[in-house]
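Let me begin by presenting the structure, written as C-alpha cells, before commenting on it.
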Amino acid sequence: MELTYLKSINQALHEEMRRDENVFILGEDVAELGGAFKATEGLLEAFGEARVIDTPISEALIVGAGVGAAVLGMRPVLEMQFGDFIACAFDQIVNMAATLRYRHGGKAACPLVIRAPSGAGIHGAIFHSQNPEAWFTRVPGLKVVAPATAYDAKGLLKSAIRDDDPVIYFEHKRLYRSIKEDLPEGDFTVPIGVAELRRAGDDLSLITYGGTMHQSLDAARIVEKEDGLSVEVLDLRTLLPLDREAIMATVRKTGKALIVHEDRLTGGIGGEIAAIIGDNCFEYLDGPVRRVGMLDTHNAFSAPMEEYILPNTNKIVDAIRSLAAY
Amino acid sequence: MPEATSARSDGTRIEFELQLYYWMKLVRAFEERVSRLHRQNKIVGGVYSGAGQEALVTGVCATLREGDFISPLHRDLGVFLVRGVDPGRLMAQLMGKETGLSRGKDSFLHAGDLEHGIFGATSMLGSTLPVAVGAALKFQIKKEDNVAVAFFGEGASSRGDVHEAMNFAGVRKLPVLFVCENNRYAYSTPLEKQMAIEDVADRAPAYGFKGYVCSGNDLLAVLEVAERVVARVRGGEGPALIECKTYRYHGHSEHDAALYRDKDELIQWESRDPIPRFEFYLEKKGQDVRRIREEIDERVRKIVQDSVDYAEQSPLPAPDEAMDDLYATPIPNGTGNRGG
Amino acid sequence: MPEATSARSDGTRIEFELQLYYWMKLVRAFEERVSRLHRQNKIVGGVYSGAGQEALVTGVCATLREGDFISPLHRDLGVFLVRGVDPGRLMAQLMGKETGLSRGKDSFLHAGDLEHGIFGATSMLGSTLPVAVGAALKFQIKKEDNVAVAFFGEGASSRGDVHEAMNFAGVRKLPVLFVCENNRYAYSTPLEKQMAIEDVADRAPAYGFKGYVCSGNDLLAVLEVAERVVARVRGGEGPALIECKTYRYHGHSEHDAALYRDKDELIQWESRDPIPRFEFYLEKKGQDVRRIREEIDERVRKIVQDSVDYAEQSPLPAPDEAMDDLYATPIPNGTGNRGG
Amino acid sequence: MELTYLKSINQALHEEMRRDENVFILGEDVAELGGAFKATEGLLEAFGEARVIDTPISEALIVGAGVGAAVLGMRPVLEMQFGDFIACAFDQIVNMAATLRYRHGGKAACPLVIRAPSGAGIHGAIFHSQNPEAWFTRVPGLKVVAPATAYDAKGLLKSAIRDDDPVIYFEHKRLYRSIKEDLPEGDFTVPIGVAELRRAGDDLSLITYGGTMHQSLDAARIVEKEDGLSVEVLDLRTLLPLDREAIMATVRKTGKALIVHEDRLTGGIGGEIAAIIGDNCFEYLDGPVRRVGMLDTHNAFSAPMEEYILPNTNKIVDAIRSLAAY
C-alpha cells in the first residue's frame, strides 16, 4: 500500500525491531511522543521502554552510549531530533565511532545507526535546516546514506541497521509527507554503496541525492519537453562510500556532468564528485563539470532569502540548459 | 519604556512594583498575540510560548543594569521586552521582517540585541552558557562590575556545555548568574527522565557555588532572591545559580498539543498564575487594582497592536540580503557561490 | 596468569592478597621498563606512566568478573595486566608491532582487548564515559548482572561528556561504576585551577548517586570500598563513583619534566608508595615478605623481559595494513584513495 | 634574526598582546607550562594571569567563552592543545561562532582566533595527527588559515588576531622546529585570503599549503633537475576564503593542475579546488586535474603504515611526472 517517506522509516523501524531483539531506539522524545516528527511512533507500545528509550538533552551521550552498546552486540538506532544537533555529538561520531574498529585492530565492530532529519525548505532557519553530510563523508570508518524515495528510505534504513559499521542516515524533512509510494509487501533492503539510475539520457548526466533528487527529475522532464534535451539522472543514495563506477559510467556516456545538492556549494560533496570526474573522465568531457548547490551562506529564515539561496527546479533547468549549450 | 534600572533608581518602590506588573501584563499580552499570529500563519516556523513564566523573567531582569549581559532561552520573549527592546522590532523579528533584530536572518528568538545587552542564542540548548561565562570573564579581566546572566531550561541542564561552563565559572569566581527555568518538561520529557535529583540548584555545590530555589510564579519571591544574589555576584563573590520552579501553559511549541501532560497538572499550575497573584498583593497594598488593570490592559493592547502594525507594514528583506552579514572584515574575492 | 575473578573464587584470602601484591609488582616493573624503552627510543610517541597509581587499578580490577566492561584511561597499563592481557602483546602494542592489540594502528593504550572486557579509548578525555554508560545500558536491557567500569582522571572530569554520562546513568540507574583517579594534576594544571571543590566524589550526588573517596595508594582501602560498591552496582542499586586520591611519579608524559610541581610534594607522595605499604601489611600478617619479594621480583623480571623479547621479535605491520580494519561490512568499490 | 616557525608564533603573540590589551590567551596548560609545544611561553610572565588563562579540560568552554568575550570587544586567542581535540568544540565553532554576526543581523562581531596544532609525520597516531581543516572550510562566517613558513606563521597570526571574524589558525606541528627563517624587524602582517606564488613555472601548477608545501617545493626542484620540468608552486596560505583568482591564474598559465595536501584525499579541500578548476579553467586544461593526499584511512601509528599513507616528496615527484607526461 501507499506509504509516505516518513511512514516507511517508521515501518522499517518496526520491522527491524521485530526481526532482531538487539535493535533498540535511543534519543530525545522518541518514546511517548514518538519523536518530534513521529518517526518512532508506536515503537514504545510495541516493544516497551527497555528498547525505546528517551534520553535527556545529551547528544554526545546518545552517540557515546550507542557505541558502548554496539560493541557489545546491540544495534542501537540513535535519533538526533534535528540533524543540526549532530554537531553536539561530533567527537563521539568522528573519533569514537569512526575509529573504533581500526584502533581495536579489527577485533571489534560498531553497528549503530544515527538518524538525522536534515534539509531545508520548511522555514527551519539556521538551526533546523542544515545539510551536515559532507562533515562525515570525509571520515573513513563511517558510512553515510541519504535516501530520496520512500522505497530507499525503508530499504536503506534496514541495510543500515543490519550493517556492522556506524551508518549516518540523513532523512530529508521536506520529503517526510510530500512523497508517497507503493511499497512491496514483505522484507526488502537497498544495498549501501550503490547508486540508482533514475532516468536514462544521452545529452547530460545529472548527479544528485536526497532533497534535490525530485527537483532534478522535474527539471529533466521540463528540458526534455521544452528543449528536447535527454538528461540522465543518477541518484547517489549513498554518499560514503560513493558509487564511483556509476558516476564515471554515466559521465563517460553523456560527456557532461551537472552535480546538484541542497548542501552548500563550497565544501559540499559535489566538489569531491567533480574531482573524481575531472580526474577519471577527462577525455570524455565535452564541457566543464558544473555544480548547483545552496549559496555559500547560512539557512536564512525569511522566505525571500530562503527561496533565493536554495536550489530549485528552475535553477537546475537553467544550469542544464547552459551546460547543454556549451 | 523605562529600563528596569532607571525605574529602580528614580522611582519609589510602589512605582517600581507597578512597573513590574505592567511588564508581566505586556509580556503575557504579547505572548498571546504571537500565538494567535502563528495560528493565522502570520508567524511561521517554531513558536515557543513563555506564557506562565513571565514572573521569573520580569523579576530577574528587573534587578539588572545597563551593561549587564543576558542570554535568554528560546521562550524568553519577556527578556527582550523588559530590557526595553522596541516591541515593534521584536514583532518584526518574529515575522522575519527587514526591521527585525536579525533582519530576517533567523527565526523567533534566535536573535540578539547587544545594545540592550541581549545575546542571540543558537538553537543548541545549553551552548549559550559558556558564552555567558566568557562575557563574565571579560568583566573580570576588565574589572567591570557588570554581571552576565544565562537563562536555561532544566532540559538544557543535561548538556555537557552547561557542566563545562559552570565548572570554569566556579574556578575563576566569575560574575555570572545561572537562572534555571524549571518548567518540569523538556519537550515531552518529564523531570524524572531528565535527572535523578529534585532540584537543578543542587548542581551548584558541585561547582563550588551556591544554588537557590524559588517559586518562579511568585514575582516577589523571585525578586527577593534575585536582588540578593545579583548583588553578591556583582560584588565579586563568584557565580550563583537560581532555579525558578515554573510551568509553560502551552505545548513545547505551538505545534505541540502536549498530550503527554495531564489536565489536572495544567490546571494546578494555572491556579498559580503570577499575574493574579501579584494583583492580589497590590490590592493588599491598597492599590485600586481594577482601575490599574484596565488602564494597563489598554496601554498594553495598544503597544501590542502597534507592534503588529509596525511589523506587518515592515518590508521583507531583499532576497540577496541572505549574502550579507557573514563577515565583519570583508574577504577578498568573496566565497565561491554568492549567487546574483 | 590467573584472572582476579578466578583468584577470588578458588583461592584463600592470603593467596588472593599475594596475587594482588604480585600484580602491583608486575605493573610497576612493566611501567619502569616501558619508561626505559622510551628513553632508548624503542617506544616512540606519547608514553604516560602510571607509576605510583598501581594500587587503585589493581584493587578495582580485582573486584571485577569476566563479562564486565572496563574503559581504562591513558595511564592504566595496569588494567590490561591485571585483566590478564598477555604482557607480550601489550608490549608489542606499545612498540607498534603487528602482534600488538591494535596491530600497530594506534599508539600506547589507545587500544582495547574486548576479549578481556577492555575497551580501547580515544585520546579525547572523558569521551569514554558515555561509552561505558552504553555498555551498562546493554547489561540493563539484557538483564545481565555485569557492571561497566569507567576510569577517568580528575582532569577529564571537566569534560561535558562526563556530565552527560553521569546524568543519564543516574536517571536509568545503570550498572556503571565511575572511578576517578585524582592525581592532583591535569598535565601542568593543578586541582585548584580545575575545580572549585575538594572532591570529585561530591559531583555524584548532583546525579542522584553516591560518591566515595579513598586513598588510592592504599590497596586495602581501595579493595574494601571497591568490593562493597561493585556489589551494590552489580546488585542493581544504580551507578556509583569512587574517587581515589593518588599521584603520578613521572611527568604527564615522558617528555614532561614536570617542573610545575615542587620536589617536596613528590617526596611526600613517594613516601605513600602502595607497594612497601602493602608489604608492611603482609609482614604484619606473618608473611616472609623478603622471600616473597625476591621470588616475585624474579618472576616479574622474567615476564617483563619475555614481553620485551616477544615484542622486539615481533614484525612491524606491513605498510598497506594501514588500509585494513576500517569496516566490518566491506564496502563496494572501496573508497577513493586506497593507494597500492 | 633567524626564527623557527614555532618561535615566530610565540613572537606574534607577544607583540599582539603588547599592541592591544584586549588580546588574551585561553587554553589548557598555556600559562605556567607555556603550552604543550611552548607556543605561549613567556606570556604569563609578560602579561600576567588575568590575560594568560589556564582552563580545565573543556574545549567547548574554551571556544564558547571566547565567543562571549569577543562579542564584548575582547580578542581572545584560544588554544586547542592538539588540533584533533577541536572536534570537542565543534558546535561552538560551526554554530555559535560562525553564525554569530549573521543571526545578529550584522550588529555584532566575533573577533577570535583558534590556534590548532595539526598535522602528521611525528608518530602522533590517530588522535595527534589529524588535519581537520576541511571540516571548517565549508562553513561561512569562519576564516581558515594554514601557514607554511615562519614568515606567514607570524604575519597570518597577526592578521587573524586583528581580524574581526572568527579565524581558525592551523599550525603544522612538523614545521615547529624543522624550519627557520630570517624575519624582518618590526611589525608586519600577511593578508588573509591571498595565496603566494612560491615558484614560477610553465609546465604544471602545483597547488598546496601547510605541511606539504616544502615537500612540494623539493619535488619541483627535483623534477627540474632530473626531468627539466618547470613547475609553478602556489601556496594557498588561506583555505577560507580560497584565493580563486590565483588558483585560476596559475592553471590557465600552465594548463595542468596538481593539488597536494596532507589531509585525506577524499573530502579534503583538494576536491573543492579541483571543482573550481574544472568549472572555470576547462578550456585551458591539457590534462586531468590530479590530487595527492593522505590515503583514505586514519593516521596509523606504526612507522611503516604512517610512511605509507602520508604524502611525501617522492609521491609528489611521481605525480608530477605522470601528469606532465600526460
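Residue numbering begins at 1 within each chain, and the chains themselves are lettered A, B, C and D in the order written.
In this section, a contact is a pair of C-beta atoms (placed from the backbone, for glycine too) under 8 Å apart; a residue touches a chain by one contact, two chains touch by 3 or more.
Fair warning: this is a prediction, and the values are worked out from it, not measured in the lab.
Chain centres here are means of the Cα atoms, and by that rule the chain farthest away from chain C is B.
Comparing the chain pairs A-B and A-C, the larger number of C-beta pairs in contact belongs to A-C. In terms of their C-alpha centroids, the spacing between chain A and chain B amounts to 36 Å.
We define each chain's centre as the mean of its Cα atoms; on that basis chain B and chain D are separated by 40 Å. Separation between the centroids of chain A and chain D, computed from CA atoms only, is 30 Å. Contact with two or more other chains is made by residues 102, 104-106, 110, 122-124, 127, 158-161, 164, 167-168, 171, 193-195, 326, 335-336 of chain C.
Each of residues 56, 58, 60, 84, 87-88, 91, 95, 99, 102-103, 126-127, 140-141, 264, 266, 272, 296-298 in chain D touches at least two other chains.
The residues of chain D lying in touch with chain B in their complex are 24, 26, 50-51, 53, 55-56, 58, 60-61, 63-74, 76, 91-92, 95-96, 99-111, 140-141, 143, 163-165, 191-194, 240-245, 272, 276.
Contacts from chain C toward chain B in the complex involve residues 158-164, 167-168, 170-171, 173, 192-197, 202-203, 205-209.
Residues of chain D touching chain C in their complex: 28-29, 32-33, 36, 54, 56-58, 60, 82, 84-85, 87-88, 123-128, 264-266, 293-298, 300-309. Within the complex formed with chain D, the residues of chain C that make contact are 44-46, 96-97, 102, 104-107, 110, 122-127, 155-156, 158-160, 186-189, 193-195, 260, 316-323, 326, 335-339.
Contacts from chain A toward chain D in the complex involve residues 84, 87-88, 90-91, 94-95, 98-99, 102-103, 126-127, 134-135, 137-141, 264, 266-275, 277-280, 282, 285, 287-291, 296-298.
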